[in-house]
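Take a look at these structures.
Shared between the two complexes below is chain A, which has chain B as its partner in the first and chain C in the second.
What follows is the complex of A and B.
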């Protein structure tokens, strides 16, 4: 049963298994364990970024494709839903139209980029995706009539997802059963399913060819696999899942703008998530996303506490100032890459053997 | 039947393979010999599609395959083992072979079934691993295998492709003496089936002499001799091509 759900890809490390169970259960009970708007928002963001990072791992870790256009597909999915909700009103049909439109645009664009440029060498492909993604981000900000420009779009969600919607009278464990809770579990369930689908894809015969291409594209061709076809299909799947992650974000946050969906910062974030977690493991993307979203949201608070505790000490207090959180994130990243070159998952699995 | 017609490739002004016309019959083992730099591996690359010919044709059963890319030629039955070991380094020995078995099954584009669910592919891969006596090392990561085992794995991948035409490029290079017979036995077994075309590039003259039905000599990209082993090995042109008149290099010499 577990084998079938995980597609035979077991954690192969006790600590990894524990961590994954903690994440899945933790996110499931998060609204009740950590009530409050901010923690619910962090939990939803974690879900969305797990999906986004996992889809990026399909490219980077499994197929060996270095793409900087992944946030573009994320943005396409988010804007699809945002534009549809803005234009067609806060209805479920609008959500469906937005998701489907985003998927079509994302997959078509990925196929186009793939067929035209996946024949070239890795570094040139990376440059091409960088150029396309930059052009797309500029385009989005230059079409205010459609995308709301730099400010983005603010829209109303379908009634069942709003805070004013009441699922049932009263509360459960002191938490009001409102539309935000419905929205959160929608995001949670969709994310869980998408990660399991990706896990199946990488453990399918198709996935085995992707790893062969990553290992030795020359030999993969020689034994009969057309690498450009496999790479393009992998790009399309990754783009589709990234677009769905974007749609989930748009459905969660009721606002979509370039900073939250298209910026290069997010591209760097998901790259870090996959590298820190462990490339080519899927579970690594899950751990990486949890750690990074957590750090981004709570490192500042943590530093605030450290700063107050060291209030009297001259140099250290400054060093632990909450505004320095990016510095500490950078230090943590460097240490991570230095001490765990195969990522957290790779290190956990190696400990056992 | 595999044939090349006036097959030529130029790198700048240098013709690495120069107008080679030759046909290879099923059921025969043809050795391609010649000194280093004679164009043997380049000739192989032109046949299996790793390089595109400047002019001339490659035909397979009458079909002009000169314009086909390597994957298509492989699926048409041209199997190639490489001189420099060319594996999937971080995958297991079994997975290296299973990937080759999978090509023929057409399951490569199956996205939603489990790889481990296709027992038949795994079982067949195990058979091929056993054929090169690597069954016990099935789960070992390819890159961690000793050199000789990597060479055997290379042969197992070729077997797993189940081709009509087997192209061996120095299959025993770098193997220790006691490992060589395993590979030679495999080649002899393929030959014994009688319906396969085998092309062999090999420097060890005793191997060539014992296995070949026919020997083709390349020298500076040109086909300079073609015939029965006994005739060709003792011909003047071969003595001249090899080391300017000295006897051909022998495994024991």
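What follows is the complex of A and C.
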């Protein structure tokens, strides 16, 4: 049963299994275990970013192509739902229209970029996606009529997802059963399903071809697989899942702006998640996303303490400033690429064998 | 080998096509000057990157870090010498700008040397890890800049003698742009002479064509490469200093922003080709300025559009480097 759900890709490490169970169960009971708006927000962000990082891993870890346009697809999904909810009102039909529109745009764009630039080398694709994504981010902020410009869009969610909506009278374990709870479990369930679908994809024969292309594109081509086609399909799937992750974020936060969906900072975050967690395993993306979102929200507090302790020392105090958390993760990222190319998951799995 | 003039003709062609669209000849001259200045500044930043790629197959995604460092170092020196900057004397102004630019180049160059040793050297020949590691380097460098210079943007006024514009009849050309064009042309000439007329240039060109053969003949291509990397970083620092003065503000994000333009330019030019990089940079600079004037809404996509058109015409860039 477990084998079938995980598509026969078992954790293969006791500690990894423990960590994964902790994450899945922890996120499931988070609203009751850690009540409060901030922790619920962190939990939902974790869910969304797990999906986003996992879809990026399909490209980076499994197919071996670096795309800097992944946030673009994330943003397309988010803006699809946001624009639909703004224009068509807070209805479920609007949500559906937004999701479908976002998916179509994302997949079409991914196919276009892929056919255009995946014929050539990794580096070419990386540069072209970087250029396209930055142009898209500027475009989104320059079309205020459609996207709300720099400020983004604020919109109302369907009634069942609002805080004012009440599922049942009274409380459960001291938590009010309101629309935010419904919203959270919607995000949770959708994320779980999407990650399992991605697991299914990478463990299918199609996934094996992708890994063959990663290891040796020339040989894969010689065996008879059209690498361009496979790479393009992989990037379309990744774009579709990223767009869905974006839709989930838009459904959760009731506001969408360039900073939270399209910025290069988000792209950097995803890169860190996948590489630190472990490229080439979906579980790595899961661990990495959890770690990074936690670091974003709580590492600052730790650094703040260190900063206080070093208050007198000029440069050192600056290094431990709460806003410099990315510096430390960047260093961890570089060390990971050198010494643990398979990330946390790879290290955990290697310990046993 | 027959010289390939077609891409070179594109530059005047773009300028001529733009003339009727812009309408008035005076604004056309101003725009052309602005485009040339912008293009040459980008060329200064991009030339090192394209050479390191051609020579050693290393693409440094952290190139933007050197641009940003150059801008910050130059800004600090100029702010320290601000009395000389505000005096209305060309020579005193240049006495402030000169050391600033020199400091920017030296610091970027030294940083480039360290970057090559620590970040790039362990990942030769592995593109995926190269992209990842150099991107990581960019992240860390950007954060370190914020640690050293603070997170806020630095405002940087141009020296008095470089403000304002030359007036030729109705036509106004900003003085700073003239300077940028001159510096850019000097860098291009110096690079062209070094590459085509000196022994080191010969080795570099040979290394781009076929590195293994150069090694087999007994030359240490690694050492050559380090030299090119350091020179390229120093040029990026120079370009960053010029760009900072052009924008009159310096932020830690400047590197990542300009790096996008730099990448577009070297893709258009053909990875590894300095001549292509020059033509590409001018095309990007000119078209950005013309389109920004004719149709501001389209301007944002103009670079991407240009890149797409060029790649449809020549999929490997304007001057493809033979071995790939």
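Note that in this section the second predicted complex is superposed on the first by the 314 of 353 C-alpha atoms of A that agree within 3 Å, B and C clash if a C-alpha of one lies under 4 Å from a C-alpha of the other, contacts with A are read in each partner's own complex, and residues count from 1 in each chain.
The criterion applied here is as follows: contacts are C-beta pairs under 8 Å (C-beta built on N, C-alpha and C of every residue); 3 or more make two chains touch, one makes a residue touch a chain.
Here the structure is a predicted model, which means the values were calculated and not measured.
By the touch criterion defined above, A:116 lies against chain C but remains apart from chain B after alignment on the C-alpha atoms of chain A. By the document's definition of touching, neither partner reaches A:173: not chain B, not chain C.
Of the two partner chains, chain C is the only one that A:126 touches; chain B does not reach it. Of the two partner chains placed by the overlay, only chain B lies in contact with A:225; chain C stays clear of it.
Partner contacting the larger number of chain A residues, of chain B and chain C: C. When the two structures are aligned on the shared chain, A:134 is found in touch with chain C, with no touch to chain B.
Contacts of A:339 after superposition on the shared chain: neither chain B nor chain C is touched. Chain A residues in contact with chain B (one complex) as well as with chain C (other complex) do not exist. Within the complex formed with chain A, the chain B residues making contact are 48, 50, 69-72, 74-75, 80, 82, 86-91, 95, 98-100, 102-103, 107-118, 121, 157, 161. Considering their complex, residues 4, 7-8, 200-201, 203-209, 211-212, 215-216, 218-227, 230, 233, 237 of chain A touch chain B. Note for the complex: chain A touches chain C at residues 60, 64, 66, 116, 119-124, 126-128, 130-132, 134-135, 138-139, 142, 264, 268, 271, 275, 315, 318-319, 321, 323-324, 326-327, 330-331, 333-334, 337-338, 341. Across the complex, chain C meets chain A through its residues 53, 59, 61, 119, 122-123, 127-133, 135-137, 139-140, 143-144, 146-148, 151, 256, 260, 263-264, 266-267, 271, 297, 300-301, 303-304, 307-308, 311, 315-316, 324.
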